[in-house]
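My structure is below; once you've seen it, I'll send some questions.
Order as written gives the chain letters A, B, C and D; numbering starts at 1 within each chain.
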Amino acid sequence: MDKKIKTVGLFGKFQDQTVVEHILQLEEFLLGRKLKTLLDQSATGHLKGAKSPIRPRDAIGREIDLAIVIGGDGTLLNVARDLAPLRVPIIGVNLGRLGFLADVQAEHMIAEIGKILDGDFQTETRLLLHAEVMRKGRIVHNASAFNDVIVSKGELARMIEFETYIDGEFVHSIRGDGIIVASPTGSTAYALSAGGPILHPALEAIAVVPICPHTLSNRPIVFSSDSIVEILMTRIADQHAYASFDGQSTFTLQDNDRVYVRRAETEVELVHPSGRSHFEVMRIKLHWGRKI
Amino acid sequence: MDKKIKTVGLFGKFQDQTVVEHILQLEEFLLGRKLKTLLDQSATGHLKGAKSPIRPRDAIGREIDLAIVIGGDGTLLNVARDLAPLRVPIIGVNLGRLGFLADVQAEHMIAEIGKILDGDFQTETRLLLHAEVMRKGRIVHNASAFNDVIVSKGELARMIEFETYIDGEFVHSIRGDGIIVASPTGSTAYALSAGGPILHPALEAIAVVPICPHTLSNRPIVFSSDSIVEILMTRIADQHAYASFDGQSTFTLQDNDRVYVRRAETEVELVHPSGRSHFEVMRIKLHWGRKI
Amino acid sequence: MDKKIKTVGLFGKFQDQTVVEHILQLEEFLLGRKLKTLLDQSATGHLKGAKSPIRPRDAIGREIDLAIVIGGDGTLLNVARDLAPLRVPIIGVNLGRLGFLADVQAEHMIAEIGKILDGDFQTETRLLLHAEVMRKGRIVHNASAFNDVIVSKGELARMIEFETYIDGEFVHSIRGDGIIVASPTGSTAYALSAGGPILHPALEAIAVVPICPHTLSNRPIVFSSDSIVEILMTRIADQHAYASFDGQSTFTLQDNDRVYVRRAETEVELVHPSGRSHFEVMRIKLHWGRKI
Amino acid sequence: MDKKIKTVGLFGKFQDQTVVEHILQLEEFLLGRKLKTLLDQSATGHLKGAKSPIRPRDAIGREIDLAIVIGGDGTLLNVARDLAPLRVPIIGVNLGRLGFLADVQAEHMIAEIGKILDGDFQTETRLLLHAEVMRKGRIVHNASAFNDVIVSKGELARMIEFETYIDGEFVHSIRGDGIIVASPTGSTAYALSAGGPILHPALEAIAVVPICPHTLSNRPIVFSSDSIVEILMTRIADQHAYASFDGQSTFTLQDNDRVYVRRAETEVELVHPSGRSHFEVMRIKLHWGRKI
C-alpha cells in the first residue's frame, strides 16, 4: 500500500443489518476525510441512504486504492480472490469473533482505520492458489483459492481413491475421504481440522493434507510453492467426488480427472493496524499457551 | 457354536463370479459331509448349477446353525447385522485381502472349514450397536450397526454443529465434519482413519471419534458399552447432514434431531480357525512392528 | 462413604505455607463439628499451632473414615495409592488450578466440605494399576500407580526397543521413546500429551499409548482392565531405560526385563460435592466446546 | 559435484567388520580407476591391509573431492556436519535397511558408484541448522545439526516449561517433554515420531514440533529457513534439561538459557545414483500406498 489512498471500496455481507450499519458509519467517516467511496455490487438493494455509487465486482478493483471488508474471514476470502489480480490492498473488519484475516474489531473500526489512513499500518502479502481440472487432455475448470483446494468424496460414506504427484513425481496412492491442498493462509482453516501443520503466513510453501486416509501411514507433506501438485482421481466409481475452492465453489469430478494446484501469479495484500502479531491472533483463536 | 452343525447358510456377493465358484465348491464339500446347505436370497439368478434351496434373508437365520460368508468385511457386516438376533455363528472367507473379520483365506477355505467342522475352532462374540433417531419426540428411524454409526455433513464443504451427551450428561459442542460412534469392531474401520484408538474386540466399550473437528482440543472418548451416547444436531442450517450405519444405509437428519446410540441387545458370534490371533491380523493389516 | 464419619485425616504439601493455612482453617472447622482430626506424617515440623496428632502414613489409614488432601492432583495421587488398600474415601481440594481429581476449589473449601459432611455428596471409584518388574524369573520391583506406569528411555536421545503383550499374546514391537500404560484416570494426564484417547473414568479399561514411536503405524490400544499387559525390554543396549509410577517413583530397567501391569486389587474412592460433572471439568481444563 | 573427481574420502563405522570389508572392496575399486583414496581418522587401528593414508577429520575435507560413507543415516549425519563447511559432495551407502540419506544399497555399491563416477548421477543440497545456547548474555555452546536440534527434559518424568519465539516474536509457552527444531531432512527422523509433518527436502523451511505437550492445542509450525527460532527455558527447576544435536551430542541447559536455531551458512551436498526418487524412498520406509 505505497501510493496515496484516494478511493476506498466497501465490501460486506449486506444482507446483514449490522454490516449495513457499520458500512454507513464507515462511509460517513471516509467521506469526512475527503476520500471517494464505492460500494461493491452486493450492496444493491440493501443499502438505503448510502451516498456512494455501486460498482460491479469485476470493475470496482480498477477504481479503488484500498478495499475494506466488513464481516468475517469467509467474506474476505471471497473479495480477496477477486481483487488479487489488481493487487488492491485489503483491510478486514470482523463483527464478532476475531478472524485470522479480519483482525480489526468492529468496535474499534473507526479509530483503527483512521490510524491506518494516517500511515500507521503494516502490510503483508499472502500467496494465492490456482487450480485447474484436466479431463481427457482439456482444462474443464479453473478457479483460484486463498485458503485451500479440497478434493473430497460426496455424500455417501464410502471412500475415493486417488494418487498425488508433486512436480510430476508420484508421491502416494490414498484411499480416504479426500485431500486438502492448502496455502499458508489455509493452514489454519480446514487443513488444521484434518491434522495439518501450521505454516507461517510468509512461508513460500503449500501443504498437502489427507482427509481421513484409510491407512495409518499418511502424513501431511509441505513443499515449495514453486511446485505443482496433481491429484489424479483413480477410483471414484459410482461415488460422487468434487473439488472445492475455499469451500465457496465446487466442481464435480470424474474418474481420471486430474486436479492441478499451483501458486497463482497474483498475491493478496493485507493491511493491518501497526503492532499486530500473527501469533497473538493464533494464541487467542487456538487457545495456545501464553506467557506464564 | 455349541450345538451340532446340521444346516449351513451360504452368503456372498453373488454378482461376483469368483464368489460363485467358491460357493459351488463349498456347497459340494458340505454336501459331501452330509450337511444341509441353504443359499441366501441374494443368490437368486446368479447361481446356475447350485443344488441348495434359496431362502429369504429374514427367514434363513431360523433354519441354519452356521453362516459362511464369502467376500470381504463389508459383506460380512451386512449378513452379521441380519443374523445377530438369532445369534447364528458366522465364518468369514476373504477373497483377496485379509479382512479384520473375514479371516479365512479363500485358497485354504476347504481345509480351514473342514477343521472348523471337525471341532477345531475358536469363537468370539462382538457387540453390535443400535441407533435411534428421535425427531419432535418420536423415533423416526432405527438401525443396527456392527462397525459404526456416523453422523456426517453432506456434500457441501461447510461444517455442521452438534452436541454430544453420554448418559444424558453434556460432553461437548463440536463444529466439524461429523462424529463416529464406533464399536470395538469398528475401531479399526473408519474411526481409525479419523484418528481414533484401537479397542480390543472383547472390550465392552464404545468410542466417540470426531471427524475433522474445527478445534484443536477434541479427542476421542471411550466409555462403557452400558452407556448411551446422544448426538443432538444443533445447526445443520441449509447444509445436509445424515446418519450412516456401517456405511451401508443412511438417513437424512434435520436440525434438532437426536441420534441415540447404545449397545444392541444381540451380539455377533464369529467363528475362527483355531490359533487365530487378532493382533496378528492387525500387524499384517496395519503394518505394525513384528518381533525383530 | 457409607458409614458415619468420625475421624478425618488431613494431607497436603505442608512445605507450602498456603497449604498450612488451609489445613489449620479446616482443622478448626472440623473440630468445631466435633470430629476427630489426624495429620499425615508429612506435617511434621511444618505445622505449629495445629491441635491434631500426627500419624505415620502406613498407620493413619486404619484410623480415619475420610481423607482430605489439600494441594493438586499430584499430591492426591500420592495419598490415594497409599490409602487404597484400606479404601478410605478421599476429597481433593485444589489451590489454584482446578484439578481432574482435586475439584473442590480452596475458596469454597469450608462450604463444600460442610455440605459433604451433611450428606450432600457423590462418590465414584477409580481403578488403580499394579506393576511388577520381572528379571530372570524373579520379581525385582513392584509398585502401584493411579495414573500410569511409564516405560521410558533415559536422558540420551536414542530410542529403546520393546515388545508389548496383552494376556500373553504378542501385540507389537516398538522402537521409540517408550510406552504409557494408563488407567482411565491417567488418560487425561501424560497419556493425553502422547496422543492417547480419553477414557471415561468409570470404564473398566486400560490404555497403552506409545511415546513418539519411530513408525507411522502405531496407535493407542484400549483393552479390558481384566487383562494383563506386558512390556518386554528387547533392546536398551547402552541406553538407560526406566519404569516410572505416576511420575513419582522410578525403577531402572535392564535388557530382558518384563514389566507387567494389571489392575490392582484395591480401588480409590473419590468423594465430590453433589452435582459435579466430570465432563464440566474436562471442558474447563481441555478448552472443549461449550453449548453455543 | 561439478569438478573432476580425483580424490575420494572413505568414511564409516570401522568397528563394524562388514563396514571394513566394504571399505576395502571400495578402495580396491577406486584405486583401480586411478583415483586417490584417503581414510577418515576413525579407521585408525581398524583397517589392516588398507592402502590409503589416514587423515584427521578436520583436515580430510580439504583434500577430497568426494566422500563416500558406508553405514547408515546416523554415520552420514556425523560426517556431513563436519564436511559441510567445505561443501564436499557425499554418497551414502547403507548396509541393511535403506536410509533416507544413505540410499546406495551395499550389494550394488560397486556398480552404483561406478555409474556415479562415470557421470551418471544427480545431486541435491540440503540445509543444515546451526544452534547457539546463550546464558547471561554469552554464547556458552554452539553446534550444527543436519536433522534436528532437540530441547528435552531429562530422565525424570516431570515436564519442563519453555517459550518459543520466531524472529523475536513470541509464539507460545509450552509445558511438556520438549521441542524439536527440524530441518527438512530431519522431518522424517525424530520430528516424525513426535507428530510433525514431512517437509520436502528442497523446501527452504524449518519445522518446530513440540514433544508430548501437556495441552491439546499445540501443533507443529513450519516457517521460512530465513527465520530464527528461539527457545527460552522458563522452568527447568530441579529437573534436568538438555539440548541435543542430531541425537549425537548434548549440552545441559539451565533456567533462562536461550537456544537459538537458524539455518547454517553452509549446506550439505548429497550425490545419488540417477533416477532416484525421494518419494520412492518414503514409500518404502513409511509404508505409503503405491499405485494400485
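The criterion applied here is as follows: contacts are C-beta pairs under 8 Å (C-beta built on N, C-alpha and C of every residue); 3 or more make two chains touch, one makes a residue touch a chain.
Treat the numbers as computed from the prediction; the structure is a model and nothing was measured.
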So if I superpose subunit B on subunit C by CA, what angle comes out, to the nearest 5°? 180
Check B-D against A-B and say which one is joined by more contacting C-beta pairs. A-B
What is the distance, in whole Å, between the centres of subunit A and subunit D, each centre taken as the mean of its C-alpha atoms? 37
Cα centre of subunit B to Cα centre of subunit D, whole Å, reads 47
What's the distance between the Cα centroids of subunit A and subunit B, rounded to whole Å? 40
Expected list for subunit D, residues touching two or more other chains, is 192, 215-219, 286-287
If each chain is a dot and touching chains are joined, what shape do you get: line, ring, star, complete or other? complete
Could you list, by residue number, the parts of subunit B that touch subunit A in their complex? 150, 152, 154-158, 176-177, 190, 192-195, 211-217, 240, 242, 244, 247, 250, 286-287
Seen from subunit C, its contact residues with subunit B in the complex are 161, 163, 166, 169-175, 192, 196-200, 202-205, 207, 215, 217-224, 227, 234-235, 277-279, 282-283, 286-292
Provide the residue numbers of subunit A that touch subunit C in the complex, in ascending order. 216-219, 287
